[in-house]
Amino acid sequence: MNIKILLFGRLTELLGQNVLHLEDMADTDSLSRFLSVQYPGLAQINYQIAVNQEIIHGNRLLTDGMTVALMPPFSGG
Amino acid sequence: MNIKILLFGRLTELLGQNVLHLEDMADTDSLSRFLSVQYPGLAQINYQIAVNQEIIHGNRLLTDGMTVALMPPFSGG
Amino acid sequence: MREKKLRNIFVNGAIPADTIAESIRKHHTKTDIGAHSIFLGQVRADEIGDQQVAGINYTAYEDLALEKMYEIREAIFAKYPLTCMHIHHSLGMIAAGEICLFVFTSSKHRKAAMEACDELVERIKAELPIWGQEILTDDSHQWKENK
Amino acid sequence: MREKKLRNIFVNGAIPADTIAESIRKHHTKTDIGAHSIFLGQVRADEIGDQQVAGINYTAYEDLALEKMYEIREAIFAKYPLTCMHIHHSLGMIAAGEICLFVFTSSKHRKAAMEACDELVERIKAELPIWGQEILTDDSHQWKENK
């Protein structure tokens, strides 16, 4: 099982990369918890999550090959 | 006594000219009445009046050298 | 007392796209601007019976229009925190598809530029002594009326 | 079923004034248009402490942004009687004074173009996954936040 994590904005700085690959993440809540432990600064940052290019609200089950994006507040325009 | 009358929009067509010079017009009401008799179509046209580049409401006394503009509804833009 | 400076807003003929580009380009040095709002009026080829509007011939009471525009400009600058305001209106014959009105406002944040631009367009149409004569494809004409 | 066509809104670098002029010029043949409304976002040289913003480096989640823009475009066309809608957003480094957002709406009568343009700008800023990193004059940076 492989989950691709896309990082944007200030999260690329905090995590030091644009893309992560993780294995054995059951759902998006587990993913968030896992990353908060690895990167303590993450808990202070408000971010939305998209799974396969769709913004989700609440928890979402993950399966092999899914792409998860972690998106801090937008600042386009 | 000479009063200069500026005509605009459809009034230039109705009166067949852009400028009129009239003598002995005591006030703008007299001017309007005089022109309505001369140009019967004028009564059907709604117009504002400016005296010396200021839009007036109601009657205004006229004195030598004044410029009166007769302005049908604006349609700029 | 501040001198009352009337600015000419009238241009003969249509407003070229290049004039608009040039006006935008001039604002690149004004780095306190964050937002520009632009309104362009374009002459429509409306169907009138079995004819079409080929163009609009604009005339104005220019002296009074510039006095009135001065008042409007002052009121809008007093009401909104604008950096810049530019207004151009065509006179003479403007063919269908061409630009006859160019309103350009700039401000630090977007709301001021947008609201000022909208209000300017409304006031220009309602308050400036300008008349449009619609010239039809058979060379007849009718006087335009603003809704 | 109608094909869902995603249009690219992203351009690399600043949006030149000439691109805006060219876009305006292309609409001269659309003689059912009476009004164009344009919004331009320009990068401000804000003061940050004793530094200034030299420019903004924009990145985006492009795939999701184009999906979202498709939704917004459909919603705006459904809500307002528009003739045309064009959106361009910069990616990469945009210097202070340059244009990073170009929103262009056209309609028969002015209200639709103006209101649609305003709503588009609001939705683009709130809903598109785009991030601006403000680069300061000492080469430090901070992440832009939309108000």
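All chains are identified by letter, namely A, B, C and D, in their written order; residue positions are counted from 1 within each chain.
The working rule: a contact is a pair of C-beta atoms (placed from the backbone, for glycine too) under 8 Å apart; a residue touches a chain by one contact, two chains touch by 3 or more.
Chain identities (UniProt): A, B = Molybdopterin synthase sulfur carrier subunit; C, D = Molybdopterin synthase catalytic subunit.
Predicted model, so just to flag it, every value in this text is computed and none were measured.
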Required minimum of steps from chain B to chain C, each step between chains that touch: 1
Centre distance in Å when chain A and chain D are each reduced to the mean of their C-alpha atoms: 26
Whole-Å gap between the CA centroids of chain C and chain D: 23
Mean-CA-position distance for chain C and chain A (Å): 49
Distance between the centres, which are taken as Cα means, of chain B and chain A, whole angstrom: 73
Residues of chain C engaged with two or more neighbouring chains: 41, 121
Residues of chain A whose C-beta touches two or more other chains: none
Contact pairs between chains, per stated definition: A-D, B-C, C-D
Touching residues (chain side chain B, partner chain C) in the complex: 6, 8-10, 50, 53, 55, 69, 71-77
Touching residues on chain D, where the partner in the complex is chain A: 41, 58-61, 63-64, 67, 89, 100-101, 121, 124-133, 143-146
Residues on chain D engaged by chain C in the complex (per definition of touch): 17-18, 20-22, 24-25, 27-45, 96-99, 106, 108-110, 114, 117-118, 121, 147
